[in-house]
Structures are given as structure tokens and as C-alpha cells.
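In what follows, subunit A forms one complex with subunit B and a second complex with subunit C.
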Partner chain A sequence: MVAQNIFFGIMAAIMIWAALRVVTTKNVVHAALWLVIVLAGVAGQFLLLGAEFVGVTQILVYIGAVVVLFLFGIMLTRASMGEDENVNLPNRIVPATVGVLLFGLMAFATIDYWRDAELPKDGSPTTVEAVSDSIFSDFIVPFEATSVLLLAALIGAIVVARKE
Partner chain B sequence: MLLVQFLLLSAVLFCIGVYGVLARRNGVMVLMSIELILNAVNINFVAFGAFNGTVTGEVFALFVIAIAAAEVGVGLAIVLLIFRNKRSVDLSDVDLMKG
Partner chain C sequence: MLATVLAEVAPFVRPHIDWHAVAPELTLLAVGAILTLIDIVWLERGRKLTSSLAGFGLLLPLIPIVTLAVSDSDTRVMFDGAYVIDDYSLVLKAMFLLTGYVVVLLSTNYIGEGDYWENEYYGLLVSSILGMVVMASSRDLISIFVALELLSIPAYMLATWRKRDVRSNEAGLKYYLMGVFASAIMLYGMSLVYGVAGSTLLTEINAALSEGGSSEAVVTLGIVFVVVGFAFKVSAFPFHTWSPDTYEGAPTPVTAFLAVGSKAAGFVALMSLVVVGFLGRDDVFGPLFWVLAAGSMTFGNVMALRQKNIIRLMAYSGVAQAGFMLAPLAVAGTGGTSADTSISAILTYLLIYAAMNLGAFAVIISVARKTETAELESYNGLFTTAPVLAVFMTLFLASLAGIPPLGGWFAKFSVFTALTNADTGAGYALAVVAAINAVVAFGYYGRLALRMWVEEPYLGDKAPIKVPVALGFALVLTAVITVAFGVYPPVATHFTDVTLVAGV
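For the complex of A and B:
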């Protein structure tokens, strides 16, 4: 238990620092690379929670595909590879206030209600078998809807981005 | 492990993402902030799934991952189209419908 909490703390600190760098760095490419650290940290948290399949999917889909897509987007929009002064709004006090107030509200609500809730100590990792059984029995309709959505997004992205 | 530590981590990531969406002017960077928000939601799903001892949270996290991939594909296509028409991805320049 102690080892898990230490692991959680180290990973959470790295993730929060990397997430802050994602939204504050002036270099677009660096923002994408900091995002990789946050996404890898999220995958680590999934493993810590015993969700092995979701953790591996997170690495495959996010780090493998989404970040590459971001780097292609940066390349195709010809962002400067160095620091760019025009990526932030000139006045960032309002967004910062909104973020801090929102966090205060959420932290108060969650701590107030879930203060003593402990995760099950004997929780074994969920198997891929259990996840697939659930998808293909209880959630078959949302699953099929997701596949149609992915196809629609694929065709939509090609139609939108294609040259006339 | 307490449940609340995962919920607080998720809240921090969510609020950093909200700050990024509001404070960034570059379209690609706004999309990155949206990814932060979606990942915060996923941590919540999986944490509550582990708390309740069911796989439902994980299944919904997988759906969110699939939809996030679709969202980023379409979003980057739109940003690319904005760049092609305006020669910039600065969202402050996208004011065609401003009265």
C-alpha cells in the first residue's frame, strides 16, 4: 500500500508539472512532447488502478496515434519550431481565475463527499476477458455506435482536409 | 489507496485543461488542452470503476478514448482548413461571423 502511494505521488507530481508546461510553454512542439509525459502518466495511473487493458490502449492510441497526429498538425500549419509569442492571449488573468475557482469547487465537493472512501485492498487487475465480455454483451449498442462514429469521423476528416 | 487522491489528480488535470482552452490562441494547442480534459475524465471513470469493483468504468474509458481519437482527427482537419484559408491558426483571427 505504501509503495503504491509513493508511486502515485511521484507520478502525480510529474503529470501535474508536465500538464502545466503543456498549457504554458510557448513552443508548440514542446507542448506536444510534454503532452506525451502527461498521457504516459495517465496510462501509469490506469495500471495502478488495475485497468491493464485501458492502460495499454491509452499508450497505443494516445502516444502512438494522437500525438503523431498533433505533430503532423503542427508541421502542416507551419508553426515556428522555436518560441512563438502569439500562442497565448495577452490577458491570462481571467482564464487562470476560472481554472483556480473551478478547482477549488471540485476539490471541495470531492473531499467533502469521498473523504474516507478507500479503494478495495484485494482488488486484482481486471482481465481483458471481463472487459470484452462487458463490451460485447451489455454495451454492444454503444460499441457499434462508436464504430460508426469513427467511420464518420474518418470520412469527415478526409472531406474537410482534402484539397479541391 | 484512497479514492479521493485519484479524483483530486483528475480535478487538477481538468482545471489545467480548462485554463489551456481559455488562454491559448493557437488552434492546435487548444486541441491539446482538450485532450488533457478528456484524460482527466478517463481517470475518474477508471477510479470509480475500481472503487465499485466493476468493469463498466473501464469500458466507458475505452469509449472516451475512441471518441477522443475521432475528435482530434476532425479537429485537426478543421484547424488545417482554417490555416489554408487564413494562413494562420490564430483563433483570434477567426472572426468571420462577428457582427
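For the complex of A and C:
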């Protein structure tokens, strides 16, 4: 477990630095790119925990789709891609305080309950097979509902976005 | 290569699926698919059919619901209790489908005449209702979350359906942003609850949370976050800020749908979560719901008194009504029969609220067809120009205010019964708050009624209002239900006297 702990620390430090850069940088495109590092760090943490499926999904969905969507959004809606002085809120104290308080609360609750919890040493990691088995057995209803949801979202998005 | 890999994997066990039990969902799914296909195959020629097809299509799943209700086996459980079809869920499914049917009646002329994307509108409406129907049976965190998204995401887009109107765009965007924010908070809470319980099944969560003992911060935080996420959905104070703007900007039939359908779905999720999942942690959710209920009733009523626009008035009165519906949950965990009476009270309230609120929106849509405004002033002298509409509106307003012998009276009565039945100080205190608010609500409902009966007609225009057939039918249907439930409450309690106990 020692090696995992060291890597956890390194990745966590990188993620915190990148997360701070996301909110402090004056360039929106840079903010999106710093976000890639944060999200990649999350994927790395999942891999460290042996959750390979969640880790790969994290990369595919967040880095592959969400951040690319951000970049397209910026590209299609903004003329200037460079630094922008107005990108940061003038009154940063209030949201920052709320953020710090919420972080403190959630960190306290998590550490308080799982302080001594350990991953099972002999437990095998969750495999892709196990995930797919449960999707098509116990979670078949939410799975089917998700497919309806995606179709509805697609149809609605086309109607909302298309030119009249 | 692949064969050896597959051989090592544990054999896949086919899940047991009770096809009769999921027949309502499958029928609704087929209706949605047919609606979409008609649009693809027939293009413009299908337009005339769509609204009637959607209307009848929403009534079709009632057939399997009735056969399920009269069948011998009382409760059908699938997937270890993740999906349960009992009397509670059947009543709710029927309510959601009828709500959808009335919304289609309200939409027929509005959407048909306004050059909207008609087919897609009904397709999204059906999929949103499918989400509600799934929600009624879900007893599992993942099913509840997916059902919530399935009912919300089409609703976000329906709110922005008046694409050329900037207020409708604002409505959809605001609803969407607040909705995903709430979803994120709720998911975080769910992950904490799952982390403690080690299962997504509500029954197992209840077992784990109850034995967990005293006061882990993480359990409190998890429950609070989950409840807050749904408080957005039911527009409870202080998470209601999206509702007046969204209600005002969205197409009015969609507003009616949001005010009744998706609000009811949020309550269904809250009831299942609290009574099946969190019942052992009354110390956490009791005070939380007390504050939410008292705050929503008081704030909603105070704000409603100051509104000049009927849709905003209905939005704030909806916040107040949500407070009444939240109130029984505050005492649901006090032991004895309080969980059952609370569930019955909320169900009764939901059924009656759906009828009277949809009726009020039917009148609003009818009046706006002529006046093309939603200002309260446009209701001046409605009795002179449209006496029948004025009578209907007075009936619905009186019911919303809770005047006997209309349905709203019995809805409020069952909430008071549930609160006093718990026999706790908090329950009685909340009953007092509710009683004061019931009186305050007379203020704005009564003033609106007075406008219609006493004032001179709006702009001196005495031309009568023509009500299309579909709207007229919706008016009659909702009025009959509103009156029937109030005059003879056993009609309502026959359906709502159900139990939803932990350990199904």
C-alpha cells in the first residue's frame, strides 16, 4: 500500500495545483486545459483504487467529451481567445468563503467516518465483466431508461439548437 | 482468445423480469417510439394526428395498470427490491399518466397554433412521463437518479420550447442550470449514503443507517444533500428561486406540467427515500423537513400576496402548496402509524393538487388565448365576458385555498390529520404554522376571485372567450375530480390509503 499512498500524494498535489489554476487563470482556454489535468488526476486515483472501468470512463467522458465540448463552446461563442481581465469575478471573497466552508464540512465528514477504513487487501478489483453483468441484470431498468433519456435529449437538443 | 476469457468469467445470470409488472412502462415506451416514427415516416402529414395519438397513447398504459391492480399478487418485487410494483406505485403511475393526458389536452391548441415543433414536443412529454412512471416504482438510488434525469432533461428543453422568445430561453436555461446543480448536490449525498450503507437498495440503506447508531456527520450530510437536491425539484423554499422565472417564461402548458408532474415526481422520490431508506434517521430528516415545510408555506404565501402576474402568483402559491405537502414528512419517522398516515396524506394532497392546479392552468390558458397577457388585471370582470370560465376558476381557486366541500379542503385536512396524529410537539407546532398559512392563502386566491366577479372588464373589452374542445374537456375533467374528491373523500382515500413500509 505504501507505493499507492506515495502516488496518491503526488497526484493529489498536482490536482490541487491544477484546480487552483483553473479558477485563477485569466485565459478561458487555459482554464479548460488545466481542468484536463484535474480530471486526469481523478482518473488516475480511480486506477490506483483498482477501479479500472471507472478510471477509463472518466478519461473517455470527461477529457474526451466534456472538456472538448468546453473548448468548442469557447471557440464558437467568443471572438478573443487570449487573456481577458473580466473573466474573474470582482467580488471573489464570498464564493471563495462558501467554497472553503463547504470543503471543510465535506472533508470533516469524510475523514471522520472513513479515517481508519482500509481497502480489502485480498479483494480483487472490480472488473469490467462484473460491471457489465450488473448493468444487464440488476440495473437493467435504469440502463434502459438511460437509453430513452439519450434519445430524448438528442431529439430535444436538435430542435432547440437548429435554425428556424 | 476470447473464448478462454469468457470461460473464466462467472456465468451471467438472467435477471427475473415480471413482464406483466413492467407492461405499463413498455406500453408507454412503445407509444413514444410510435410518435417518433410517425414524424420520420409521414413528416408533415402526421402533424394533425400527433396530439390525439399522444393523448390516447398516454391513456393506454392505464389498461395494464388496472389489470395489475386487480391481479392476485399484491406486491411484485424485482431485482432484490430495486423495482417494486405495489398499490402505492400503481396509484402514482395512474396519476402521472392522467396528468400527462390533461397536459396534452392543454397543449393541443397552444402548440398546434403557435408553430412549434409539435411532434418532438409530444415525444419529449411522453419520455418525461416515462421517467415519472419509472420513479414511482424505483426503490434504489441508481433507479431514482436515472428516473429523475429522464423526467427532468426533456422538461428543461420543453421549458425553452418558445424558441423565438428570449424569456422562454431564459426559463429553460435557468431551470437547466439550477436542475443540474441540484442533481450534483444530490449525487454527492447519494455517494456518501452509499459509502456508509454499501448498497444502493433503499431497504439495505435503512438497515445500515438505523444500526449505525448515533451521530455520524457523514450520514447527516448525505441525507441533507439528497433531500436538498429534491427540494429544488419540488421548488421548496429556499431552493425555489428558479420557479417563478421558469414558470413565467415557459409555454403555459409546460408550466402546468412542471407545476404538477415534475413537482409530484420529486415528492414521490422524497417519499420513497424517506420512508423506505431513511426512516430510522428521524433525528436528521425530521427537523430538516420541518424547516423546509414551514419556510416554504410562509415564504410562498407572503410572496404570492405581492404578485401582479398570474403565472408568478401560481408559482409562489406552488411553493406554499409544496410546503403543505412536505409537512407530513417532518413527522413521518415518529413511530407507530405515522409513516403510513404521512404517505397517505401526501398522496391525497398530490392527487387533489394535480386536479385543481391543472384546472386552474386550463383557465389561465383559455383566458390568455384572448387577452394574450398574464397580468392579474386581465382577469377583471371575467364573469361578464366569460361566466363559465369565471365559475370554473372560482371553483379551482376555492379548492386551492381549501374551502369545503372542494378537494383542496380534504387535502389540507389529511395533512393536519397526519401532523396531529404524530402527537409530538413539533407536529403540533407545524400544524399551527400550516393553519396560519392556510388563512393567509385566502388573501391572494380571494382577491383574484374578487377581480373576476366585481371589477369592470379588462380594457372594457366585453367580447366572449371561445374555449376549444380540448381545453373545455380538460376543464370539465379536472373540475369533476376536484369536486368529487371534496364532496365524497372516500373516493380519494380508496386510492391513497396505501402502505409503503420499509422492508418490502
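Methods note: the second predicted complex is superposed on the first by the 163 of 164 C-alpha atoms of A that agree within 3 Å, B and C clash if a C-alpha of one lies under 4 Å from a C-alpha of the other, contacts with A are read in each partner's own complex, and residues count from 1 in each chain.
By definition in this document, contacts are C-beta pairs under 8 Å (C-beta built on N, C-alpha and C of every residue); 3 or more make two chains touch, one makes a residue touch a chain.
Predicted, not measured: the structure shown is a model, and the values here were computed from it.
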Touched partner set for A:S137, first subunit B, second subunit C, both or neither: second
Partner chain(s) touched by A:M106 [first = subunit B, second = subunit C, both, neither]: both
Greater subunit A contact set [subunit C / subunit B]: B
Contacts of A:A31 with subunit B and subunit C, given as first, second, both or neither: first
Contacts of A:T146 with subunit B and subunit C, given as first, second, both or neither: both
Touched partner set for A:I155, first subunit B, second subunit C, both or neither: second
First, second, both or neither for A:G64, with subunit B first and subunit C second: neither
On subunit A, the residue positions that both subunit B and subunit C contact, one per complex: 106, 110, 114, 138-139, 142, 146, 149, 152-153, 156-157, 160
Footprint of subunit C on subunit A - complex, ascending: 105-106, 108-110, 112-114, 129, 133, 136-142, 145-146, 148-149, 151-153, 155-157, 159-160, 164
Residues on subunit C engaged by subunit A in the complex (per definition of touch): 9-10, 12-15, 17, 22, 29, 32, 36, 78-80, 82-83, 117, 120, 123-124, 127-128, 130-131, 134, 138, 140, 142-143, 145-147, 149-150, 153-154, 157-158, 160, 163-164, 172, 188, 192, 195-196, 216-218, 220-221
Sites on subunit A touched by subunit B in the complex: 1, 4-5, 8, 12, 15-16, 19-20, 22-23, 28, 31-32, 35, 38-39, 42, 45-46, 48-51, 53-54, 57-58, 61-62, 65-66, 69-70, 72-74, 76-79, 84, 86-89, 92, 94-96, 98-100, 102-103, 106-107, 110-111, 114-120, 123, 126, 130-131, 134-135, 138-139, 142-143, 146, 149-150, 152-154, 156-158, 160-161
Partner subunit A, residues of subunit B touching it in the complex: 1-9, 11-20, 22-29, 31-33, 35-36, 39, 42-43, 46-47, 49-51, 53, 55-59, 61-63, 65-74, 76-81, 83, 89-90, 92
